[in-house]
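Which chain is which? They are A, B, C, D, E and F, in the order written, and residues in each are numbered from 1.
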């Protein structure tokens, strides 16, 4: 979210925050690598094929999965389709606006999509119906309901939880045509990617920045890891820099903290 | 004779004993629960579940008007967007606003403005965002019901709440509060919004074929049911501002 | 049309109009339930499959019908398609603007469409060619040429007159394919819906408001009735209210006045 | 030899005796009728029927310029939109402006501006709206012909009227005023607009293959025919401002 | 390009230019009917099926050809498709803007397209594969890289050179289906149209106006001729006029000068 | 064990002797040539050929900000557009900006801003246009490399150049500077941009699956290769400003 800043106030606020961080403290009392309380509710939109509402502190995101059949992309004729979209609703923040997706919303959707896609969370090969003609297409739409920092992680967790609990029709193939049965089966989920976002404020890097911290942050970096402890996606953001050492340390933190969050997501989506 | 050949009669939506597909009587509302003030950033908000509708309304303002040429010198500019989440309906909806959403945004705005004392906020904007997370029949009246609570929650001066209910015709019979199936298979839908204390109608749309008698019956039923929902609105505001359990109020609990 | 109002002038103007209405008079001398002169010309666009130009006082609208074959909507596989669109041309008023359809134009088109559709004026079942594959699609486009109040009724009459006089190719079905013949037949018109629009100015309700009345009106309501004297559509507009009694009275007036207008439309489209 | 293999020759558009499909001679105009001042709200307007073309042109202005950064400090800004109604052509046209309409709007504007004394209206906008209700060949020159009358009707100061005619080639022969069939089946279309009293060309577009001689012949024919249409323009203005019957003038009535 | 003009400076500048032209001289020393140095490079975009970069003075345009199969237009079922598009890149000039194509870019593309199309440069009949079903579609996209006047001619030469050097797959038809072979063949080019653009400044007409001349010009006219010395397209532009005699003289000049340019293009694209 | 099952292994992109499809070693860059200042109108420009990438970057500014409400009172507003020509890729690309181009425009802007002393140009706009004429793998880092030179060529005050390189994984092996085939068939792509003298990372994006060790190896390789490309940047600036042959520098000529 690009907020309209009051430069004088922002400068004072940031100076205070940097001072606080120098003594290892954050505005809300968390430790540097501590994320806010994560709550995950699933099945919140019964009409969707899968859904989840995630609260990360006061940030709230709802993801809904819709599944249909479609035509595969020409270059992947035997793979299903997975699309992640996000809208930062105007009701979510005084700075969000109605209209076509902003640059921020497009980046948000693409970074979340990348984490899901690159982890191979969903086995797209299992979504093939008739090669080159018909595949299963999964759309995950995310509604950001309340903005309080770190949309990347909250949105990612919502998408992962929605996909983990999504059910789709089983299809049978007759004469090169896919026919839907009444049987419902799980979406073929293989992995549980976990996104972790850091903010650099001054020379300190903190996990899961809240809105106040984002208003003062210089740089943002998201690192997504998968079950094997591998890194599968990353995105640096904001118009500033990060040192190589900070990148590597963030990767370590992401692998470590990611494990706990993954367990929590798996628990919430059993 | 006039009005006789009305009705579609294809799907049996109401049986001989007057029971509808979901077990309701002809004049019975679906379950409704309302919570006010859930959203953290918004100046005011209300969440309504009405049948399978799940709708969040939030209000920002009064705030500065951008672009400036839209400023109204003697009153607030009320903006309104009714929007359906892509996952809110059976087939995924394109997130870009449809012509239907543009029209509904307009009639919702025109239903809310009469209740807002816009003269108290000259040269400002008040924004009302209605997001349909899951849609059943009657989402626009449910949205209005929530939106007027969100305005009240934001502390905006109001003459009255606005509350709506949609009535209509299934199998040539007037019924209250159509759900999705009744809306699609039935032969008429009539969303009505009222300012209940002032006894005024601020939204009226009619679809379908009604004899003069059916028109009046459906219209008056919608007003009566709107008053019933208004009791839920007041209870939800009460919970919000004067404590008591935050549990959701069910329509069954309300005395008519 | 959202006109840029000069508030002082508007206020004085409205006060005068309310005073005049209190004595049962309108600015142009009409009685409260009297509509302006209605002129209907048909066949004005020979290249269209049907067309009409309607004058309602100085409000002028041209509707043109284009008929083609198309694919039915998935949920109505054996029904034809009827679409009504409207453009409030920039040449029609100093307040109209070029560009994508305004909120006003969208409401206009949708309210007119609703009256036509809900009255079951056109039997869409008779427009089916090959179920699920091919149907007749009827597009009615309306050009508002001059705005002098009450676009809803003028546009509705133009659409109804254009459809009543529209002719389409007869099709024969061969091997599951629709083939056009050279025979021209009437569009299957079953009803003649009539729209009637009221304005409330102060506490008086008048029929068929002119531009001056619209500039002073508090509320607008359109009620459409069909041949059987039934109400088939309605739309309240403008940011004000109406009493229940006024609604019921408007319904009665619409049924009564609608009969005379229906006779006039039928006469003009024989 | 140059120019010899020109022409498509597929459809017989003109017979041995020089008769065209609709019976016209090679240099004959289609019937034209013009009425000035029909529109009530516009500051000026003109309606032209030219063959099967039915075109309304209307003018608003001089008026304030919005947005302000488009203001021209020393003259009026002339805006122009050429637009085809969805029902104006054989296949329904999408109402959104096509690339063709955007280009034609530009060349019409550039054809009209030289005739308007824009220096008399600094810092204002003059809007010219050309709506094609039914389209035949030559709609842009018919639109210009009507638009310059609408400007005159609006009382805008002008150096001259602007009038157009399109000539072209069918079956390797130069002809005047192509209709739709001749435009599509023929091998060349050359719309020309002139300021007839000043003897200047303000629009020229060429499609198709012309030998040097054919080019000159078609071009000069278009100018001559434009002058003929100008007589109709003047008659229509005369009817508008100095009474007389409001009946439509036909091209046949005009002395060349 | 609609440049934001400083009126005082422009007026003085134009007066000087008119005076200079009165003595038969141009600002850059050229004679009235002399075009600037024309440089043509082909094959500049190897991934395209054909490409060319054209320098006309400091005006620079790159055209790239992409060839695919497509469905023919209903009214020309046995003809291939040729589309010319142009973008005036924001990097080409301080007055160009990012965004959807401006009126200027649309006119540019359409005028260049017209010259190519009307000359019958490409034999579209030879691009037919299966009548009514499958044809070869040729897209020529033009990037204006640097604006220094006369985009019309530079873009036209780039398109012509790109098409003259473009290669496409040879197709064989089996069972009503087009199958691509590995053989590459020339696009069926029959003609070499040459665009020549004139500017009138005061009462003088000059060939190939540069940016300074365009800033002072009253009127622009483009005349395109083909190999047979015939005129195949023309477009007058700018909000001023031309005399009939000037049009005919421009046609003569276009035929004469066009021959030399045609020879140069053919030489560069052998 | 973690990270072991990483990699796709379908296409043989690197052979037993460590040779890649185009003959490069695992840590070898494609040929790169850079020219600064080719564009006549732009305030600064640079053209880069990197493998099959052909990219022009140009800079305009500092200039006035339009619309005015975007003015930053204490520094310059840097605008950036990364755009692919329709003919730059195998299948013709629609010229309208895709979501991918919008995201890349954003990360390129955020990679460049830290190097620009934006405080030196308050209330102005600096525009950076990156046009991909032909695309191979790594076009965004090539674009950044050219764009920072274009900024320098425009005389904009900078803290450092910005230079990028993309590393990644093919057949479960870390390699430098993926080309198009390696990007599509490989299992990971990691574009990195650095400010080489300050030792800071200004762009990092990661696709694909990397063990912790592979992540570090690829990341550090990208930084090392970026420094190598920076030598080419400096050579190109040298040629531009201090003469010498304008011939293109090849990566082979550069000492590491």
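What to note about this one:
One rule holds in what follows: a contact is a pair of C-beta atoms (placed from the backbone, for glycine too) under 8 Å apart; a residue touches a chain by one contact, two chains touch by 3 or more.
Keep in mind the model is a prediction, meaning the values are calculated, not measured.
More than half of the contact pairs of C-D, counted by residue number, reappear in one of B-C, A-B or A-F; that pair is A-B.
When every chain is reduced to the mean of its CA atoms, the largest separation from chain D belongs to A.
Note on chain placement: the centre of chain A and the centre of chain D lie 58 Å apart, centres being C-alpha means.
Rounded to a whole number, the gap between the C-alpha centres of chain D and chain E is 26 angstrom. Rounded to whole angstrom, the centroid-to-centroid distance between chain A and chain C, based on C-alpha atoms, equals 48 Å.
Chain B and chain D have CA centres that are 53 Å apart. Taken chain by chain, the contacts form a single closed ring in which each chain touches exactly two others. Starting at chain E and proceeding toward chain F, the closed ring of contacting chains reads E, F, A, B, C, D. Against chain D, in their complex, chain E makes its touches with residues 7, 103, 106-107, 109-110, 114, 118-120, 221, 223, 226, 228-244, 247-248, 251-252, 255. Across the complex, chain A is touched by residues 2-6, 73-74, 78, 99-100, 102-103, 105-107, 109-110, 113-114, 188, 190, 195, 198-212, 215-216, 219-220, 223 of chain F.
Touching chain E in their complex are the following residues of chain F: 39-42, 45, 52, 54, 56-58, 60, 63, 81, 83, 85-92, 95-96, 127, 129, 131, 133-135.
Here chain E touches chain F in the complex through residues 44-48, 51, 58, 60, 62, 64-66, 68, 85, 87, 89-94, 98, 100-101, 139, 141, 143, 145-148, going by the rule given at the top.
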